[in-house]
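Once you scroll down, you'll see the structures, which are given as structure tokens.
Across the two complexes that follow, chain A remains constant while its partner is chain B and subsequently chain C.
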Partner chain A sequence: MAVEGEALTASGYIRHHLQNLTFGQHPDGSWGIAHGAEEASEMGFLALHLDTLFFSIGLAVLFLWFFHKVGKQASAGVPGAAQNFVEWIIDFINENVRGSFSGKNDLVAPLAATLFIWILLQNLMDLVPVDLIPWIATAIGIPYMKVVPTTDPNATFGMAIGVFILVLYYSFKMKGAKGFAAELTLHPFESKNPFVMVLFVPINLLLEGVNLLAKPVSHSLRLFGNLYAGEMIFILIALMYSGGIFIGAFGVVLQWAWAVFHVLIVLLQAFIFMVLTIVYLDMAHQVPDDH
Partner chain B sequence: MSEANALLFIAGALMMGLGALGAAVGIGILGGRFLEGAARQPELIPMLRTQFFIVMGLVDAVPMIAVGIAFYVLFAVAG
Partner chain C sequence: MNINLTLIVQLFSFALFVWFCMKFIWPPIMAALDERKQTIADGLAAAERGKREQELAEKRAKELLAETKEQAAELIAQAQKRASEIVEESKGEARSEGQRLLEAARAEIDQEVNRAKEQLRSQVVALAVSGAGKVLAREIDAKAHADLLEELVANL
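And then the complex of A and B:
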């Protein structure tokens, strides 16, 4: 599976699998696809990961198309299998939003449903055999292909920063600029004495600021790290196929066992991303009683 | 093997070992408390199990990330 000029070694195989199909501007000024990690990093900030974009947008279109189709055909009579399935997912998300969101906002439940199903579909791409899609891509002339969009930090940071912008927006809207500033500066240290309180303000701002900024970082890195580790282990097990028939057969068993275990991680991480989104938005909606 | 390469292997081992150590203690305490709660109020088991899995997913993320990065260091960077 190596590109010409690249020796087929274990680390080369791993690096090849972890390289995104990057589109950007070459140092000489022309636009095109990067061949290798060095060229990709030379492109700098304005580079697009075509494979991440293709698979994430493709899965989003698939999800919207399927749910739209089922929603249009929904009947009050005996539901079909597809309608049952969609109703079950919507009920599940509805229950979770009701359980952890106390404010009043029509956006949160659809947002949670979109994030959960979209991330779940992206994560499920991990269960496609690691070599299958890159092999097809190589056959039609695409040198690099990283299939799982959530193993690209750009995708997970994109989603987490989207949620973070909503958190900031609703913090301003619900608490007002004054209330939001008070939340950032008047906790956790408080004092009755106004002079001591003035001293506490920068310390509180620092603590609360770090707390606020850590949210999108941990939110996205948690999803990325889990999926990246899972993908990494799939690739390493795939390396065993080159080790003779016995190690190869053992690799098949391991691949299956890891896939079964990975289904749990895939579901759990999509679920946790959704729950944290709901909780962060809930915190943004809570107006404190005093101050 | 050069010294820099050997250090990479030690780094990978530390990452995996220390990550697993912390998470093992954490998940052990979490599981113990879950059992205590379940024994005291068996009717709450479904609710507790959901919360248990949420927190376990949060804790489990850290060592899994460490394992992934350690494997990357061991096999792709050092190997």
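And then the complex of A and C:
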């Protein structure tokens, strides 16, 4: 498992598992794949996590291809198994959107569906045995492989920032620049006295600004944290396999138990990400009427 | 664990996926769902309508049956009435015919009796005349005493 130069120790094993396959510019000016965490961080911002991109985009393409195929043949008659399955998911998401989103926007339901299914598929990669894909990758000459895209903050921030941009866009569109500015500056402290109010404006802006910026951060870090911790535990359990037959057998039981529990986290985190997206967009669509 | 260009690529691919989902996946599936919903609603409405129509038809059939029964009963009553009328009529006819026949017979009998009486009378007259003739052979001329004899006949 370990690449040349890295000792096969517990910490080395863990570090190896948490290292993305990073493509970027080496300090000497040549382009290539980073060997080790130090080299990867030296590449700076202009680097790509090839494994994250491969698995996330691959899964999205798989999901979109399947849904598109079913959607093209969708008929109003008696649905087949695939159509039934797709309709069941879409109905479930539609129900959630209708329950939490009071405005009228054709973007929200497809957005929620894409997020839910995509994140769910990415999270489910966590249930593949931790060593399986990296082992195959090593066999064909790829030194690092992190298979769960949602344990890479780049992926979760990518989605959360996408949602945040939409929140900002609809806030401006629905409330207007003035309404949005008022929302950020006239709450939560209010005063009838104009001089006091002027004093309150920067305080309100600070509080509401933090509130606004906390949204994408908490949105993405919640998903990332849960999945990262989950994978970390899988890696730690995998370490038990090298601790003799009894500890190894106990590890098998633990891995099974954690996988069962993790299914819940996988589903729940995808669902939470979707619901929060719907709620944030709903808040962006709400025009306050008390002004 | 570094934030790098991956984030930007993820952001754009995310936008692309959402756009694709909104453009090519959502509309056909929603259309199918809506169409099915419409079909089911139509079917239910049609079933409801059919049920109501059936009820109506049943009711009408019942009414028709009752009406027919009533008419049949009426017809039977009429027929019975007519039959008894006919019987009565023919009874009356028979009675009057009998009466007529009786009267005709009586008249005939009377005629016969009269005729017999007439015959008898003329025979008696002839007999009396011949008897008288024989008695009064020479003295009485039949012609001369015809008036007298006629009167005698009328008084018989």
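The criterion applied here is as follows: the second predicted complex is superposed on the first by the 291 of 291 C-alpha atoms of A that agree within 3 Å, B and C clash if a C-alpha of one lies under 4 Å from a C-alpha of the other, contacts with A are read in each partner's own complex, and residues count from 1 in each chain.
The criterion applied here is as follows: a residue touches a chain if its C-beta (ideal position, glycine included) is under 8 Å from a C-beta of that chain, and two chains touch if they have at least 3 such contacts.
Only a predicted model underlies this, so the values are computations on that prediction, with no experimental measurement involved.
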item	value
When chain B and chain C are modelled together on chain A, clash or fit	fit
Partner chain(s) touched by A:F157 [first = chain B, second = chain C, both, neither]	second
First, second, both or neither for A:V70, with chain B first and chain C second	second
Chain B, chain C and vertex chain A (Cα centres) - angle in steps of 10°	100
First (chain B), second (chain C), both or neither touched by A:L18	both
Touch count on chain A, higher of chain B and chain C	C
Which of chain B and chain C A:M240 touches, first, second, both or neither	neither
First, second, both or neither for A:F271, with chain B first and chain C second	first
Which superposed partner A:G230 touches (first chain B, second chain C, both, neither)	first
First, second, both or neither for A:M174, with chain B first and chain C second	neither
Overlay on chain A, chain C to chain B nearest C-alpha distance, Å	13
Common interface residues of chain A - those touching chain B in one complex and chain C in the other	18
Chain C to chain A touching residues, read off their complex	1-11, 13-15, 17-18, 20-22, 24-26, 28-33, 35-36, 38-39
Residue ranges of chain B in contact with chain A within the complex	53-54, 56-58, 60-61, 64-65, 67-69, 71-72, 75-77, 79
Complex contacts: residues of chain A adjacent to chain B	10-11, 14-15, 18, 221-222, 225-226, 228-233, 236, 239, 265, 268-269, 271-272, 275
Chain A residues within the chain C interface of the complex	18, 20, 22, 24, 40-41, 43-49, 52-53, 56-57, 60, 64, 67-68, 70-72, 74-77, 79, 83, 86-87, 90-91, 106-107, 109-111, 113-114, 118, 152-155, 157-159, 161-162
